[in-house]
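Note that the chains are named A, B, C and D in the order they appear, and that numbering of residues resets to 1 at the start of each chain.
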Amino acid sequence: MKRIFEAPDAARLELTATPSPGGLRLAWLGADGTTTVEVLARRAPNGDWLLDQDGITRPAQISLDRQNVWVSSLDGGDDRSGTVWFRRVEAKRGAAGVDLGVRSPMTGRVVAVHVQEGDLVEKNQPLVVVEAMKMEHVLRAPRAGQVRKVACAAGQLVEGGAELVELLDAVAEG
Amino acid sequence: MQKVLIANRGEIAVRIARGCHVLGIRAVAIYSEADALARHVRAADEAVCVGPAESALSYLNAAAILAAAKRTGADAIHPGYGFLSENVDFMRAVVAAGLTWIGPPADAIAPIQSKTAAKAVAQAAGVPTAPAAILDDLSDAGIQKAAELVGFPLLVKPQDGGGGKGMQRVDRPQDLRAAVDTAKRISIAAFASDKLFIERYVEDARHVEVQVLGDTHGTTVHCFERECSVQRRHQKVIEESPCNVLTDAERAAICESGRAFAAQVGYVGAGTVEFLFDPQRRAHYFLEMNTRLQVEHPVSEAVIGADLVVAQLRIARGEKLADVLQGGVTQRGHAIEVRIYAEDPANGYAPQAGTLLRVRWPDAPFVRVDAGFEGGDAVPMHYDPMLAKIIAWGRDREDARLRLMAALRETVVHGVLTNIPMLLALLAEPAYVASEVHTGWLDKRYGNEAPGMGSAAGVTALAALAAAGQGGPLAVAATAQAGAGAAEATTDPWTALAGWRAGGAA
Amino acid sequence: MQKVLIANRGEIAVRIARGCHVLGIRAVAIYSEADALARHVRAADEAVCVGPAESALSYLNAAAILAAAKRTGADAIHPGYGFLSENVDFMRAVVAAGLTWIGPPADAIAPIQSKTAAKAVAQAAGVPTAPAAILDDLSDAGIQKAAELVGFPLLVKPQDGGGGKGMQRVDRPQDLRAAVDTAKRISIAAFASDKLFIERYVEDARHVEVQVLGDTHGTTVHCFERECSVQRRHQKVIEESPCNVLTDAERAAICESGRAFAAQVGYVGAGTVEFLFDPQRRAHYFLEMNTRLQVEHPVSEAVIGADLVVAQLRIARGEKLADVLQGGVTQRGHAIEVRIYAEDPANGYAPQAGTLLRVRWPDAPFVRVDAGFEGGDAVPMHYDPMLAKIIAWGRDREDARLRLMAALRETVVHGVLTNIPMLLALLAEPAYVASEVHTGWLDKRYGNEAPGMGSAAGVTALAALAAAGQGGPLAVAATAQAGAGAAEATTDPWTALAGWRAGGAA
Amino acid sequence: MKRIFEAPDAARLELTATPSPGGLRLAWLGADGTTTVEVLARRAPNGDWLLDQDGITRPAQISLDRQNVWVSSLDGGDDRSGTVWFRRVEAKRGAAGVDLGVRSPMTGRVVAVHVQEGDLVEKNQPLVVVEAMKMEHVLRAPRAGQVRKVACAAGQLVEGGAELVELLDAVAEG
């Protein structure tokens, strides 16, 4: 029951969740790279989690949707938010190990699609324009490549995180 | 006044309903189809749908709003901020429908809706405006003489232009001639006019604004000042009161300017007179008046100890300021507000819509939260992405700052990204702590950076849940195998981690 | 001071954690097995289980608590109120374990833990105590002379007795002889002693208490007074600040009495000196000192604008009061607190345990909620049934009262019954509005009545949801038949109405 | 789908809930005794209900457990709580129409049972003692009658509202 997540700066989190007597057992690898950190997570009626380890309980909030996980604790440090956000890393990857999906940064309406399947695009070339709250956001190609699939159409409502364009890596596959 | 229709949405609609309830007045909400389950609907006594999601067809739909007032028997309308709050036609329609408008009379504010007209009113009221001069003599001597009156740095501007076109900044007398020639050339080309003027450019200007109240009996008072210099692309991010760089004499002068301007126009209700404060020259210049309740009104409320919405309601029903503010207005302590926006720091702070999987607003002493959303709520893509305001009061600025940071650390918003990491980072910035900020400071400091985001906090948040000393590096993997003997009936353990979703049964 | 263990539960444990976080101090909670998922655990950085549900084995288990401090590396202990907060042995054990005790030194309070000893300390400090006299001369002249010193009404009491046995109230001089003879007879029979004394009986006494703070440098200040006269069977129900029946001179005198008493014992930290105020004689008499934070401390915090928990922490780490309370202490406005208890008004206010199916605490401006529970939480039967405190501040007492009533009307607690209906009813009582209350007032006014409960509100709540004019009578029946074409997958529609239950997946 | 509830002062509420497009249809009889009040109840994400009727929406909170219903609205009046509480009226009733159950007023522990099956009891005679939060609460016979069933034992934990003793009505059946 392992899932792999990635922070905006590419830091990775490989998290295992296992049903267990009294709660859910969560495990991930500790600082030394070999010790497994393992906690028993009990759920409070308000949805908070209480994580037990070595006789000490620590509260946390964990939320999951299809593509993201948010984790909060009081342990961010004095000038840091205790909430961190990871995006789920899907199995589908290019040969070079690069995520192929160009995703909508927000829930909104697609106002323009500038490419179609098979198009060769250059890095930073506009692919799709999404509008939300009266602001337009231009999604650009993160690298040169070929459009494998266009998963949206102008006028369509899309969720934040939804894959709008699938891009073949130009170097590895093009 | 028995029942007030609130022509707004989000946190301000909730906050106005609370104010009504203090006085035993019923609150009627309006909602668009996108807000059919929204928090401001849940906070009212009654609510009416006024149209589809698009603002123009709902929250700006004057006819539907007046019909909602009629249907519910509301006898007054509170516009909040934004939407129709400064729309003179709507004000007149409200009054024509026999309803009380909770705000200034249309006739008082119509004359100050243009910036130029407002500036003339300010001068008539003896309120300082930024020094400016018409350049009718374009000789070297003529322009130098005008520039001496205005002072450097200054801006040379086409009289008949707009949008900043042709505008030239001049820092030294010897650069004046060239700037005037350039401005003139552009102005002739763009606006077919060679008329120019110069205006003082205020460097490192601070945004200081004065809260005013006027009653229907001719009395106008000020409720001291707020400082809102921390702005991201002209959008206020942190607001506070008092402005702690003013001397008592400067504070008295700027507050009296605000009051005098409001008195000059015969202002009624709550309003805000905005000024630029020049920290070098120690001078303030009139900018404009906002003829409504401001987003940042809670910092004034915290410091002066008065409820401005209740004051609006009592003024609108004809009470005198002497009664509404019995005992007068004094400042105590310091308050700081931050606006929590649903936006993606790593994507140029693009607004975020989505479902709030989980929300925990802070609830500490001396901390106030004005929220438009709670856990489970949808953030529609159609409107402003502000989720809430968090306001902390302290005995002094540092006390308020520490309280606000603690409150932000205890805040949890899952489901959309927010500016909370940036707010925490900038509340800890030495320049902010020292109050050395100006209206351009935040953009210069951060631009599109996303401070406080990312993996360092990520590792802390997860690994610090484990024993101390095990947190640290980033590459994390897991080894535990699927356990046997599960005590709970969860087949897929990941469903247990899914966000808190209320109302599962319906 | 890096990490504070909070040896308590419920709202006060939550509130202390918030105070720690303002100063960047980590908070460690303790919990019994019955509180394994409780809100105070969720509000802390870390938590440790200290034993089974029964308090004696958990929250009063000094050894387990000290072990928890050691395990988590806490360097200080905050006891909250109740439990071990005034236990001198525990204080000494904490200090012996090398930890900081956030409260007064054991040596300062040991001498005032008995009421008689405390009274002697009060007299030594020049603090008024209720007039009393030993009856060593039982002749008519002797007792009349003693009675003149004390004044009527008075109580004749056995010196060696207790529990009120033999106590006689005397309102007039001519009844004194008979009362003394009766008291003497009973005292001889019950306590084998004929020694009697007399003490003034304070009619319609008001409970007024003074908040004090002392630092470790020998400075003691008062933080003004609270009035807590509205009590149900000696349990405070409404507390407020200031006491609005005192003149400025009376306020100054009673506050100075509180400060002087605390100074006399070398008090450190936050404490409360309780007085009876005699509204006829305009005199105050020392009752006792509570050597801890009080339940009702938020009303003082609201009025003086200071965080008493933060003050406790800063005092405990050695700071001077001059720094902690920079700018001094003044009163502004008025604050009222009500305690929300889980109790059944119709069953003699029997405490209620159960699951809170749904909770909505109010969140209006100038309203503070210190809650130990939220929706979904279990209220265990083992502990005090207080769910929360709601505190409203206003510019004056009436403003605070209206705000508090609005907040209570917006409060929703489902799953257990509460005293909210009674609180709303009594906040509207003319005697309360006029502040004509005393410590016996509430019991006399309501006894075991359950005001505000029942069907009138019931019909309003349901039928008023329908169009106006249809609400009213009580016998309500339904006719709608089961509908076809249900759009939702709910088989049993009643499950949709079941209370909000969070965390359904786990 | 009708359920019948009773307020502490015996006011009755007969409420019908019916699944319906867009929500739940709630119905009860209006003030005149003949007009049915009918609202469409929509559920908000936080669990609140929004009740639509004649173009006006009113928020309410409704919670139900096995034996009770709580209803809250902002419409209690200026000095009244907006929350009302009804106990569900069960089908089982004595011949005289009197509820036969003697119920625990609170969740707690039974510390003493003073009667057994078949006992004849007088009005106000102590039946059971329940303790919670260090307070003892004596449950007394609401009327003379015969104990038909004792549904608890000393030491047992009982929920608030649980029937502890079933009493036959002395007049009607005894």
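Brief remarks follow.
By definition in this document, contacts are C-beta pairs under 8 Å (C-beta built on N, C-alpha and C of every residue); 3 or more make two chains touch, one makes a residue touch a chain.
These numbers were taken from a predicted model, which means no experiment stands behind them.
Shared contact partners of subunit A and subunit B are C.
Interface comparison, B-D versus C-D: the higher number of contacting C-beta pairs is recorded for C-D.
Computed from the mean C-alpha positions, the centre of subunit B lies at a distance of 49 Å from the centre of subunit D.
Averaged C-alpha coordinates put the centre of subunit B at 39 Å from the centre of subunit C.
Rounded to whole angstrom, the centroid-to-centroid distance between subunit C and subunit D, based on C-alpha atoms, equals 32 Å.
Annotation for subunit A: residues touching 2 or more other chains are 23-24, 43, 46-47, 56, 58, 74-75, 78.
For subunit C, residues touching at least two other chains, in rising order: 21, 24, 355, 375, 409-410, 488, 490, 496, 498, 500-503, 505-506.
Every pair of chains meeting the touch criterion is listed here: A-B, A-C, B-C, B-D, C-D.
The residues of subunit B lying in touch with subunit A in their complex are 344, 346-348, 350-355, 357-358, 360, 375, 381-385, 405, 408-417, 420-421, 424-425, 427-428, 450, 452-467, 469-483, 485-488, 490, 492-494, 496-500.
Only residues 21, 24, 31, 36-39, 41-49, 71-72, 355, 374-378, 501-503, 506 of subunit B touch subunit D when the two sit together in their complex. Of all residues in subunit A, only 1-3, 7-25, 27-33, 35-39, 43, 46-47, 51, 53-54, 56, 58, 60-65, 69-86, 105-109, 131-133, 135, 137, 159-160 touch subunit B in the complex they form.
The residues of subunit C lying in touch with subunit B in their complex are 15, 18-19, 21-24, 298, 301, 305-307, 309, 326-327, 332-333, 363-366, 368-371, 393, 395-396, 402-403, 406, 409-410, 488, 490, 495-496, 498, 500-506. By the touch criterion stated above, subunit A contacts subunit C in their complex at residues 23-24, 42-48, 50, 55-59, 74-75, 78.
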